[in-house]
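Next come two complexes, and both contain chain A; in the first it sits with chain B, in the second with chain C.
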Partner chain A sequence: MSSVTEMPVSAAAATRPLPKRRGRSNNRPLLLLLLGPAAVLIVLFIVGPALYGMYLSFTNTQLTGFAARDPKFVGLDNYVYLLNNADFLGSLGHTGEFVLYSAIIGQTVLGMLAAILLSRPWMRGKGIIGAAVLMPMIVPEVVASLTWASVLSNNSSGTLNQLTGIFGVPPTAWLQVVPMASIIVVNIWRGIAFAMIMFQAALEDVPVELIEAARIDGARAMQVFRHVTLPLIRGPVFLYLLLTTISTVGAFGLVYFLTQGGPGGQTQLAAIYIYERALQFSQVGIGSAASMILLVIVLVLGSVYLRLAKVEV
Partner chain B sequence: MTTLANRAASPQTAAPVRHTRRRRLTAIDLVQRVLGYTLIVMLALFCLVPFAWVVLSAVDANAGPNVQWPTVSIENFVNFFTNSGTPLLLLNSLIIGIGATALNLVLGLAGGYALARFQFPGRRMFMFSILLIRVIPAPATIVALYLILVKLNLTNSLWGLILVEAVLQLPVTLWLLKGTISAVPIELEEAAWVDGSSRFQAIWRIVLPLAGPGLGAAAMLTFLGVWGDFLTPLVMLQRQELYPLSIGLFRAFSEHNQVDWGLLAASAIVYVAPPAVLYVFVRKHLLHSSLGGAIKG
Partner chain C sequence: MKRTRARAALAATLVVAGGLTACSTASSTTDGTVTISIVEFQKSRIDSIKKVLPGFEAEMKKQGKDIKVTLVADVLTDDQFKTKLTQQLIAGEAPDVIDMGDSLVPGFAGAGYLTPLDDYLNEWDGWDHYFPQFKEAMVRQDGHIYALVHDTQVQNLFYRKDILTELGVDTSQPDTWEDLIARLVTLKEKTGGTPIVVPAGSAWGGSTWTEGFLPILGGTDTDFYSLETGKWDLESDGWAAVFDLYGELYAKDLLPVQDLENPNPWEPTKYVKFPAGEIQVAAQGTSGWKFDWGTNGAAPIPELETKVDTWQYPALQSGDKPFGWSGLGSSFAIPEKSQHKDEAMLLAQYLSSGEPLAEQLVTSGAASPRDDLADVKPYADEPKLLQAGEDLATSVYVPTGDGSEQIAQAVASATELIISGEADGAQAYAAFVEDATDLLGPNLVK
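Then we have the complex of A and B:
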């Protein structure tokens, strides 16, 4: 509670004298009127589903069929089923692979590269290049998917096949032959801008004097980055990793549009598994249990990142 | 003479020094710069080339599924606005986007004012809780949300979708507006009370105009989030006449046998236009909300 004073919001100081000056009792109805609707709706549509999902995961609820009329409490059956189910474990593996290569490696490396290059004083055309990198993030995910559907198109005049054709490579059905690699590239493409923005903000806060001092001492550019810059921006980097991991674990539209989990389940991410189980095969109980497992994984990852970043909350 | 000579000489001596220093730097960094430009240009191309098909096909009268040199015409856009189905997609998207944004702002402004101006037990708890909510991936709660909405009879209705979308964006709006309103000095409001304004009049005349930038940022972030959402309308709406552009585009693309590629590309351009225009205004605020919102927690 003492940390109120640590809040960066400058106005914290402005509001602090307020409660002492005014009686509290007459504010109760006004407070309820103002904050009540927002609080009730958040509980109903955000907190409610999370708790209800937890309850559903212990039942055999179905949308249609016999069990739909009379759902029963089945204990941990759904969890036992899922943890022995190759499809579900596979979908977790695909999500892990997807997050690792697209978010943690691809977006981070390319976003950092873009942020560093655009922070060089000699770089010209920063505005145009920055805008180009931002484009994939601005467009809605349906349009992003649509553009890549044409790039990865399997016939010989798909954009990528036309490009590789220049080098004499025969046309390839990219989404059939290398589906996982394809959606990883698509997701990297979509996320570079967010990484770049986060890292640009972090790099601006690194004192120039430290870098210059290291250069004078004879350190090469890579050494400066590794031993001076990187430790200084460690907090924002882990924060970024946290945010991108959360959003990538929840990635649905981009992949569903392109592959619908196929071919042969090779791109079936956990999010797609949940959607299909619950809303297409109408096994809500199993879908909810899968959601809970996914949620626990995200929370564990989140706390690990926060620990590594030494962020003081 | 000496001073003249000195004056004439000093720039000369200074110039070579500067010159050599620049040349030395260039020699060291030339490779680095060439490499840097090559990498950044390749990165920019990687980001832009996928858009080639959408942009070229939208203005191509004979558009196909692949990149080709267009027969330039605006026929596809004319088709988009005169077809029986497509204008309705745009209308639904606008109704959902604007409706949800308006509702979100009303709820967020009232809640944000309460959080900024009142000290009550559980206030910080509430702020942290709604921040924590952002950790939950959307697909993890969509099933239970759907069942709750079925029970409340809110599926297959634009009103239901507006309500849900407004609430899903509410945590961010509350944080943003709480911060903005806290920055408005309470003394200004108190002066208005002394002058005989009621509490709500003071909010309307004093707080609202001063909270303008934060309000604008919240409005645009909400609109962008709602406009781009795919999963929620996909789950909530099954009736074709209610589809927004996101679902309409997905369905049109999925009908593999009879896709009107030019129309599809034109629809995509129409769908991209509002976020692209709005984005120019929110670039800075977007950064603050994603970074600041998380750090403050």
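Then we have the complex of A and C:
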């Protein structure tokens, strides 16, 4: 089975030379009008705070105590402190584990499976299955958190404990006994719908004739997927990986509600560490430095994904 | 062309300006009426304040002042309240009167967010009725008072007298922790459970320090902090002794470790297992009689006063004596950026006097910091609270200042190491010293 290197029609169209733009200068006022407000808001609420956060990361700014009155420039002290701090490094490790298992493996694999199944013509009940998969994405985060708090509750009335109780298993405090596995499952549940939607759209772009040709050549379903479908949807897959990695690295609400980073810091993700440092312990300088380190990590990961997405098959 | 650009820029500016305007808040003053606000974050306090606010407005009216009060009822945990309040104080959006736990005052006062109340208090006749030890304890390290204490607590060990009696375990005051631990071991053998809860670990937040570690430390060592120099002595002998105690309680399997690591550890321990008699001893303030286990409390225990009694903390080191820990409880503070400080202080004074204060004390289960409340109903009808008020005179208290939040954080992390089995007492103490030194910085460590 040889690899297929042809691009999908849409991708090929995207690489054609663009016609010479006419009246470009005439569009400028319109562009300014349309993009101006968004640009101003982005500068005010994203770029500005990010730059201010960078400035804070070089200071010993605190929110409470006498030190709050007179913040001082401390150079790289906060960064040195964090890179030697076991709690912070541990939180990065937990974040990596969380992203790997919940986003990169869990959501991507299950989202792909759901998309493939729903794209099969023989599949019955697509509407119900699609709605069931979409439901976790559309419920508000607080509702999702409450739902899982109830499912994983440590007393005998917890949904999971009721299920395991049928088999005579005594009630288990899931969020304390297997906290990381619990939040990974919850995050997979939460994110699978977005993966499914993205992959469904990508699969629709795969030319049917290529798949039929591969089948005529004797390729089995897995071979068709591995050597025809997957290379053709590589772009959307890496785009999804990029988006889910960014959002999962910053995951906070769902995990904080369920475990608050515990027990014993076992689910203390970097975002929770930053929240605790900056807002609970009032050490905004250190919290900002931790945010900057996390930003750099996300940027590096993003660059890797973008590079991988462009690799020729 | 230029005109079109200018229009586009104007449109963008208007959009942004409109958005920002929508975010701003309106003034609270209208036609001679001054509207002030007060924030409460505990359900019981919200209910009791609601009852007394109309009386304040009527009283002000009598005095020719038109003051309206808005109650900001925000039911939150201690940590959530602190986080939210910090943002409000920085932004200048905090309510005019803040009812907060005294442990928050040093940090906010140090940062300059609160108004010094000295002048107001010196002119107020109610100030003469405050017990001298509280007047002294309210003074912060820069010599000013920033918050008016209105309720106080005596922190003791509450125990299930009914269960201990039934199991044949001695209920007299234990003189030393050694005595108490022997009884706890007996209880463990007879029930198979973990008999004592003392706040520990990260999940309990700041209370691991204020309700767990600090009372035991303060009873054995008063030199760990100097109000005079504003420095923490991390080598003072009490620290290691208390960490060793925590280590011993863990090693003998006497603490409900899994419950302490619950995100809301007070629920399975104080609100479920203690009322059910599965935990028999709990470190607890006076509020246990009302706020926690009273008839209208979070987890009522029927016939509370016959089933539950208190011990003082036993002596930890040689030469110590059993003691109760005096906590300052809650206090009213006024933000430095409040536009209505005078009116806010009138409200704080009203709520800290007579029947309004008596009503709040009974609801929250606290003792009075004043000497003229013993005959004021409904407080006068509460023997346990009156007794706590008397006990305050002999209770131990060590005022602390700047850096207490960092110490709380380091103690939480170090005790977390103990309850997760990663360190014994000595190792946890070493980790604490390293962490606290880092967090406090050179200016706050002796």
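Here, the second predicted complex is superposed on the first by the 268 of 313 C-alpha atoms of A that agree within 3 Å, B and C clash if a C-alpha of one lies under 4 Å from a C-alpha of the other, contacts with A are read in each partner's own complex, and residues count from 1 in each chain.
Here, a residue touches a chain if its C-beta (ideal position, glycine included) is under 8 Å from a C-beta of that chain, and two chains touch if they have at least 3 such contacts.
All of these numbers come straight from a predicted model, not from anything done at the bench.
S.K.: Which partner chains sit in contact with A:G48 here, chain B, chain C, both or neither? Use first/second/both/neither.
M.R.: Only chain B is touched by A:G48; chain C is not.
S.K.: Once chain A of both complexes is superposed, is A:V109 in touch with chain B (first), chain C (second), both, or neither?
M.R.: In the superposition, A:V109 touches no partner, neither chain B nor chain C.
S.K.: Touching A:P37 in the superposition: chain B (first), chain C (second), both, neither?
M.R.: Both partners, chain B and chain C.
S.K.: Decide which partner touches more residues of chain A, taking chain B and chain C as the two options.
M.R.: Of chain B and chain C, the partner in contact with more residues of chain A is B.
S.K.: In the superposed arrangement, which partner chain does A:L89 touch: chain B (first), chain C (second), both, or neither?
M.R.: A:L89 sits against neither chain B nor chain C.
S.K.: Which partner does A:L279 reach: the first (chain B), the second (chain C), both, or neither?
M.R.: both
S.K.: Using the touch definition from the top, say if A:A173 reaches chain B (first), chain C (second), both or neither.
M.R.: Only chain C; A:A173 stays clear of chain B.
S.K.: Go through the superposed model and pick first if A:L258 touches only chain B, second if only chain C, both, or neither.
M.R.: Touch status of A:L258: second partner only.
S.K.: A:T64 in the overlay: touching chain B, chain C, both, or neither? Say first, second, both or neither.
M.R.: A:T64: touches chain C, not chain B.
S.K.: Which chain A residues are contacted by chain C in one complex and by chain B in the other?
M.R.: 33, 37, 39, 41, 44, 279.
S.K.: What does chain C use to touch chain A in their complex?
M.R.: Spelled out, the residues of chain C in touch with chain A are 1, 4-5, 7-9, 11-13, 15-16, 19, 79, 82-83, 86-87, 90, 106-108, 110-113, 201-203, 205, 258, 261-263, 268, 402-403, 405-406, 409, 413, 416, 419-420, 422, 438-439, 441.
S.K.: Can you list the residues on chain A that touch chain C in the complex?
M.R.: Spelled out, the residues of chain A in touch with chain C are 28-29, 32-33, 36-37, 39-41, 44, 60, 62-69, 81, 87, 154, 173, 175-176, 258-265, 279-283.
S.K.: Where on chain A does chain B make contact in their complex?
M.R.: 1, 4, 7-12, 14-15, 18-19, 24, 27, 30-31, 33-35, 37-39, 41-42, 44-50, 52-53, 56, 61, 110, 113-114, 117-118, 120, 122-123, 128-129, 132-136, 138-143, 146-151, 153, 155, 157-159, 162, 189, 192-194, 197-198, 201, 221, 236, 239, 242-243, 246-247, 249-250, 252-253, 257, 270-271, 274-275, 278-279, 284, 287-288, 291-292, 294-295, 298-299, 302, 311, 313
S.K.: Residues of chain B touching chain A in their complex?
M.R.: Going through chain B, the ones touching chain A are 29, 32-33, 36-37, 39-41, 43-44, 46-54, 57, 65-68, 107-108, 110-111, 113-120, 124, 126, 130, 133-148, 163-164, 166-168, 170-171, 174, 179, 182-186, 199, 227-228, 230-231, 234-235, 245-246, 249-250, 253, 264, 268, 271-272, 275-276, 279, 283, 286-287, 290-292, 294-297.
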